[in-house]
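The next part holds the structures, each set out as structure tokens.
Next come two complexes, and both contain chain A; in the first it sits with chain B, in the second with chain C.
Showing the complex of A and B:
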């Protein structure tokens, strides 16, 4: 199977299975809205990866694309874990809880898609410590704004460097979704959703520096492998 | 497309990469066909080249012309209040900045401002919201749909614009009481789909 062609197909597959139409139809049914939205997005995530392959190595990808995709995957891990932890903690209510649920579902779908695309070359999920930011609404929103704005800048910085057109097509489709999320979280936080006429890119170096400064990543997968023998006695 | 093939891929040409939109030199390029009507746009693309960038920027120019006119007319006629007015004013300022950059990039090749008839979408606040959602979504899908056809420099410039359109779309969805970002990935549109969408909203010529 041509992994890249399949990945390109994920752009349309999300719509093809009706998940989005279902989501919109449910927008007025407030009682079951959250539960069913979740199901719809799980369905979308499954469809995202259904045609991609069975976890084989990403043979069709260039070395630089693999590197960029793994960098994006770490950012998606970071976001997905953050929203999952916030939702499970139960500290969020109302519109903020709804946003965390929907955005978290989408970030988890992005993680799944990248992992499937990268196959055996996908980096493992790091261990995170969000330093209490998922436990109260205001620190949660402030962190969410920072993550989403950072993701927008990070994708923007890497898109022109991608060599595979299929991966680029997918990446720009995710890039604009992250921008929608950024505006959503900014609005909930009470700040202007769209400040400037032009969003600036961020280099990989600066994104890594910002992520490191948060101390949210407490253990990289490489460290976990090295430590493993300590726990086998 | 033949022109694009003639010029050949120029992605490796770093001369204009640092200029605004990466294509400031486009005005000097000969043999760039002026697209008078969106309906004549084709979706057959060659390898990225500056000539092809210019053709794509004509499409994007129509998008920005439409957005500027839409927000201008709505602010004059739709009696927008509160945050909805703030949204429209902010979006208008951004779209004007996008338009200015595109016109500067295209120089004398930039097509003239079209005419529009947005009907009640620029008179009724609720209709305005729904049409703004459609228009911003078309802009996002239009930019995204051209990403693989652009040279790296122009893609980098376009990426600075598309995420701002996405912020507008999210914001106005919230103001309409809708889920701000309902999809996991934004689907692209072809040039033809964008043209059809703009005509449906009120682009006349």
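Showing the complex of A and C:
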């Protein structure tokens, strides 16, 4: 079975008409443009981008915001699926099991909220192969720390690109929750919850590289075939 | 310092400031009022979503790399079967996941139900040879006495239909199995419009092409249903198998009794 190596790979695979890729390029271009303008016209820059043909998608959202929200949704799918599989598997105990239960229930609420906001524009849930990391306590915690740290950095990286302040307000609210999760999982794993005076944001490229290294996003196996059966009849 | 003492100290410092040192409270209040209200978040994050009981869920996976199934979750235990990555239908080789464990060396093992004779054989496979876990909430029951199939989703009946099953000479095997493939658009009126591959095998027709696997499919002889008419497969009227195909995903566990 082929393994998709990145969020980008997954988004491309479901983005049949190229709309997501197109709007992402637009979103990235808008940020570059703002940088060129010395970040002096953040509000005006958003207006300018809208003025050059940026469409409207779900619930009046700009297409660039839809792209970013779908990107965040895949990240939320990743986390929610991870904790759900861990809880269903039953290999965790004590405080780790409690954390998986609570954090998982929050990540599932995030998924629901993103899907409701995006409506028909929401990307479908990918298939994840966590390769046993949900089935043993230490690999679970190590992966959970990585996911939560990644989510915090990814939200921070995408927030400045959002054109809607209402979406930004929601993203900031989720970002702080992910930071609490990161601290919780770090504490359980036995490492310092907060070490830096300033957390660096993660670019989409760096998030992709990290996720690609896990091989957790996999292609859904094709269980249907056009083929005459050889059953006993 | 207690909180009360700290508060008292802050009050004393504040009182000690001359009027000219104090910020203009009126101006400060006006400035605060002039600030735009924070935008309402566009996302409504609902209450945390706790998992349902999972009582009706079952897990399945596929064989990702060729592997040996063993009697115990230990690398040195006896081999039970070699598992290929594909079925005779050329679909990924799906297995029911029963449970997992970790051996003394820290390696993960998964207990699975095997598509081998005798039907019902279970064995242990290394986790890294398997793919993603997938879950279904459906369950198909084939009752050979009543000649009827019923599909439940989350414990609720969603489908029932009369079936044809194996004759006394070529019986439909009883046990717990898995729907592991869905075949369509083939040119064979005998199998009807849709055929589901199961992990069940005929104990009699072992030299049948493909290994004698038993399936669930349509028919070109609907008048024989219900009845004991097949070589072990479960046959349905074409309208019923088409209806079932819309309701039953691959990975659904099957109980034949």
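Just so it is clear, the second predicted complex is superposed on the first by the 161 of 233 C-alpha atoms of A that agree within 3 Å, B and C clash if a C-alpha of one lies under 4 Å from a C-alpha of the other, contacts with A are read in each partner's own complex, and residues count from 1 in each chain.
In this section, a contact is a pair of C-beta atoms (placed from the backbone, for glycine too) under 8 Å apart; a residue touches a chain by one contact, two chains touch by 3 or more.
Small disclaimer: the values here were computed from a predicted structure and weren't measured.
Touch criterion met: A:183 reaches chain B, while chain C stays clear of it. When the two complexes are overlaid on their common chain A, residue A:212 makes contact with neither chain B nor chain C. Touch criterion met: A:173 reaches chain B and chain C at once. Looking at the shared chain after the overlay, A:129 reaches chain C, while chain B stays out of its contact range.
When the two structures are aligned on the shared chain, A:114 is found in touch with chain C, with no touch to chain B. Of the two partner chains placed by superposition, only chain B is touched by A:159; chain C is not.
Residue contacts after overlaying the shared chain place A:84 against chain C, while chain B stays out of touching range.
In the overlay built on the shared chain, the residue A:104 is in contact with chain C alone; chain B does not reach it.
Contacts of A:198 after superposition: chain B is touched, whereas chain C is not reached.
Shared contact residues on chain A (touching chain B in one structure, chain C in the other): 102, 105-106, 109-110, 165, 168-170, 173-174. Against chain B, in their complex, chain A makes its touches with residues 10-12, 14-15, 20, 23-24, 27, 37, 41, 44-45, 48, 99, 102-103, 105-106, 109-110, 152, 155-156, 159-161, 165, 168-170, 172-184, 187, 192-194, 196-201.
Partner chain C is touched in their complex by these residues of chain A: 1, 59, 61, 84-85, 87-89, 91, 101-102, 104-106, 108-110, 112-114, 116-117, 127-132, 135-136, 164-170, 173-174, 218, 221-233. The touching residues of chain B, when paired with chain A in their complex, are 90-91, 93-94, 97-98, 140, 143-144, 147-148, 152-153, 155-156, 159-171, 174, 178-188.
Put simply, chain C touches chain A in their complex at residues 38-51, 54, 57, 59, 62, 64, 88-92, 94, 100, 102, 106, 108, 127-128, 131-135, 170, 180-188, 190-191, 195, 197, 202, 205, 208-210, 212-215, 217, 230-233, 250-251.
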